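Structure below; questions to follow.
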């Protein structure tokens, strides 16, 4: 598989997540957008026996691609050839039962313990900017066995403590904090993926474990308001392959609404990847 | 409508209950047998807009009559041309919501406060004879707005206190006893019908209000181990009409499994009804 | 083999959210059902105007699903705007642009939040205190509706604990009566009124929904007043031919409105696709804070949804949307 | 507008039943699901013998619906008897003659009672202590299964309070965390194994049930091990053509057994009617305390259900039962 010569940063993040998709696991996909496209890419190339479930209860579809604009779920093409059609409650309850292995999420803000804010920036009881709320992410973050968070590598997004916990990470980071709050045992954040970096958690604290070849660890830490732990060896993320980006562009997000929506372009200049436009 | 000249006591009880069926009300019918046939007779003759629901979630069927032997519910003929097919849970939850107006029940034993025993005669923790348990009757007795109990007029059935409360009446008879036990407000037993008698409740105590023309009040009280209240004026129950028994026999219980199963025959001797064989 | 609980201790309430919530009154709801829900087979077919006039009151708590996206009750929502209802409290789960539209139209001022687009007018309302938001999530709101549809006052849930939303909600953290473990419970929701768009219904309200959904059945069973809008009115004979397809039984329904293309500009899967340009137009209107102009263009000039479809959309476009919806499998059983 | 509760007080447990109940362990159940339920599309088709050998263990808590009446999993129950499983604990709601059969066969000795015919051998077992009964009702047992299928440890319910059954059950009467009113809660039930007979399934376990039922979906989702028997095995392509017909998703299912006439002698509505004479025969056997003879005639001489059908029933009778079931509307969507 040859390396891709030009791709957007958002495409890079989707390829990173696609490679995390595992056969025989269920993915509860929030909302659509990058989590859904990452799952579809992973299923297409690496894990054909991975299955996904949408918030409106579509179980294991074979969607009719490409999706219509803005309709990556709650439409006939996205629900097509499913094995079952349920509702938000059937999806939510099956997650409570432990049937959902992995949830993939987006967010505005994440903190050192993996808590997610999609509700309000600023002081909730005072001056703040309001956002849409958790949607399905709260249940995904609570009930899936693992969660993968996709976001951009921006200083304002990586904070010590989110202004509002919309969806739970490890809460205050103490052992058993989730269980004390009534959340299911053995669950919690697993990875954070940005176009530049991959993180895991060590003792429930965010830890940088890999960087994209076109940035340094220092670049990444400069885009963190609160510094994460850094692994002793920070791996280099394999860049997207030509095959991956071709599938993303030709089969999945053919209108480019998701992949082009953010991030700079990365170009192979013959020797190395450089950030371009 | 001419009086019937010969009918069984069980037919008489079904006719009494059939006349209680009201248009625009929902009947949750336990099990089948006499409650179901009484409802069907009432709907056929007196209250076409009454609807019934079965334990397995059949809503407002137009059953294909006659039923097959023993299959007055959970069969295609009994579920035929319904408006919805649910499950025991949908029926039970709709009852919790208050959608079920009237429940009609059978039982082994009833006490002065309308509590019903279908579980055990004798000492539960010691020597007793075991029966089948409440089935759906507990929920019907708890959640329908009114319940009608059908039983035979036998001394051992009308007791001071049932050996085991399988399905709740007014419990200890004190005001608010049902609510203190967690049962829905404003519900409770409404009528008891035997081939000989009709009872209501006064201050949550069983009260005889009507007798069949072929028995006296004394006959009835002789068949009560514990004496009920007796209304100041005890009415006379209109006996079955020819039309009622014809429908019961020709359209409903054509095999006679239910109507012939118990009770003596009542015959009009030209002047009055007499108990015959 | 029993669990190790000690049944007679008191259960501690470990934490309690401080948010206001629609009052929990299961016995009151039962009495409403007894006194107001028609268990006769009485025709309930009426116009959208009559349905909204009779069954949506100022101050009502309103439940609906997915408007402007999939099988939303848009014809009814627009009629609510035309009738200038006031101070509605919205069940804002799995919503999109419609919260901003209803706030901008002046009909809603309180939202239980699962998800909605917090457009400028909502932001402004929160800042100046004219809009109140209570915090939940999509699933928590649908489970609150499910509790309401089960006739119980609360449900235990496995999410929502530990969030800031919990603090601003009606949830409680209690000791589980069986395990003693900390357990989140949420209050049942019995909305005053639900509006539900379905594929088919008969004149009594026996309704069929094809495809996925959010909480349409729960909303219908949990709500005091229920208006169904249907793409197609079908014979009760057809309902009786396959009772297994009935999603919502007639006795839960107060009004049935015939509403072909009732979900426009959203999709009704298997029937017609979204009008993407029209959806983008409302999206842009809420983003650019021009909801008023949108309403004056699309809603208030018309007496009915049908009139709007005729004047603003036209036959050719509607047929095109039907034609675009090439997937029919599963939606025409 | 909020209810008048005082959120921070402790909730009193007002009364507690004294009955033993299958342990409540929601997190343990989740871990079982994670470690044992196959979320791949791996074929699960196997013989009734293999399914029962692999998935029914001595001492298991067993859930099933309606056996000997309607769409019961009779082929699987008979195989359980042939394999001489021991000490099963039965979810005895909406049952009929089968509790007495299973007790008489020596495979079951504990019953959560909703309803069953208390035949002489059950009576004797209760008297001599070899059979234990815990008291519930049909709806309470199905709601316990629903709690199990929701992944929560308990549910509030509106019936069962005040009964003697409550005293001999796992129910509790607690103060409602919202209204303060006395409220009955019942423990979730997560059976060790469920056996469910369905109309159609694919080889992965995506299953369709047509007609009414008791708690088949809840049983499948709530149970650690799930065996589906199906009148017809259909292509997964057919499942994908109408996902709205899937009652039970494959990931809940461990084994699929092809079992035409699997509900014999009961009815499978729309497919075949009951064999009344054969049902009467088991009814008479339990009444006259001759369960052993019944088993020796109908069950143990045969290797499989199909062999029994061939030897004891015959083609003519099976075709007659199919022919008698003249109502097909609603069962062949």
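When the chains are written out, they are named A, B, C and D in that same order, and each has its own residue count from 1.
The definition used in the following text is that a contact is a pair of C-beta atoms (placed from the backbone, for glycine too) under 8 Å apart; a residue touches a chain by one contact, two chains touch by 3 or more.
All of these numbers come straight from a predicted model, not from anything done at the bench.
*Asks:* Expressed in steps between touching chains, what is the minimal separation of chain A and chain B?
*Replies:* The fewest touching-chain steps linking chain A to chain B number 2.
*Asks:* Counting C-beta pairs in contact, which comes out ahead: A-C or A-D?
*Replies:* Answer by contact count: A-C.
*Asks:* Mind checking the centre-to-centre distance between chain A and chain D? Centres are C-alpha means, answer in whole Å.
*Replies:* 40
*Asks:* CA centre of chain B versus CA centre of chain D: separation in Å?
*Replies:* Computed value for the inter-centroid distance: 29 Å.
*Asks:* Report, in whole Å, the distance between the mean C-alpha point of chain C and the mean C-alpha point of chain D.
*Replies:* 34
*Asks:* If a residue has to touch 2 or more other chains to count, which residues of chain A qualify?
*Replies:* 58, 79, 81, 85-86, 95-96, 184
*Asks:* Listing for chain D: what residues touch at least two other chains?
*Replies:* Within chain D, the residues that touch at least two other chains are 26, 150-152, 157-158, 181, 183, 211, 241, 243-244, 329-330.
*Asks:* Examine which chains touch each other and state the graph shape they make (line, ring, star, complete, other).
*Replies:* Shape = other; not a path, cycle, star or full graph.
*Asks:* I'd like to see which chains touch which, written out pair by pair.
*Replies:* A-C, A-D, B-C, B-D, C-D
*Asks:* Applying the document's contact rule, which stretches of chain D touch chain A when the two form their complex?
*Replies:* 26-27, 29-34, 37-41, 149-152, 204, 206, 221, 236, 239-241, 243-244, 246, 249-252
*Asks:* If you look only at chain B, which of its residues touch chain C in the complex?
*Replies:* 23-26, 49, 51, 58-62, 79, 81-86, 93-94, 96-99, 101, 145, 184-186
*Asks:* Which positions of chain D touch chain B when the two form their complex?
*Replies:* 66, 69-70, 92-94, 113-118, 122-123, 126, 133, 135-140, 142-143, 146, 157-165, 168, 173, 181-184, 211-218, 267, 269-270, 273-274, 276, 279, 325, 327, 329-331
*Asks:* Considering the complex alone, what residue numbers of chain C touch chain D?
*Replies:* Listed in rising order, the residues are 1-3, 7-13, 16-17, 20-26, 150-158, 170, 172, 174, 176-179, 181, 183, 185, 187-188, 210-211, 241-245, 329-330, 333.
*Asks:* For a test of understanding, state which residues of chain B touch chain D in their complex under the given definition.
*Replies:* 54-58, 64, 68-71, 74-77, 79-81, 85-89, 91-92, 95-96, 119, 124, 129-139, 141-143, 164-168, 171, 177-184
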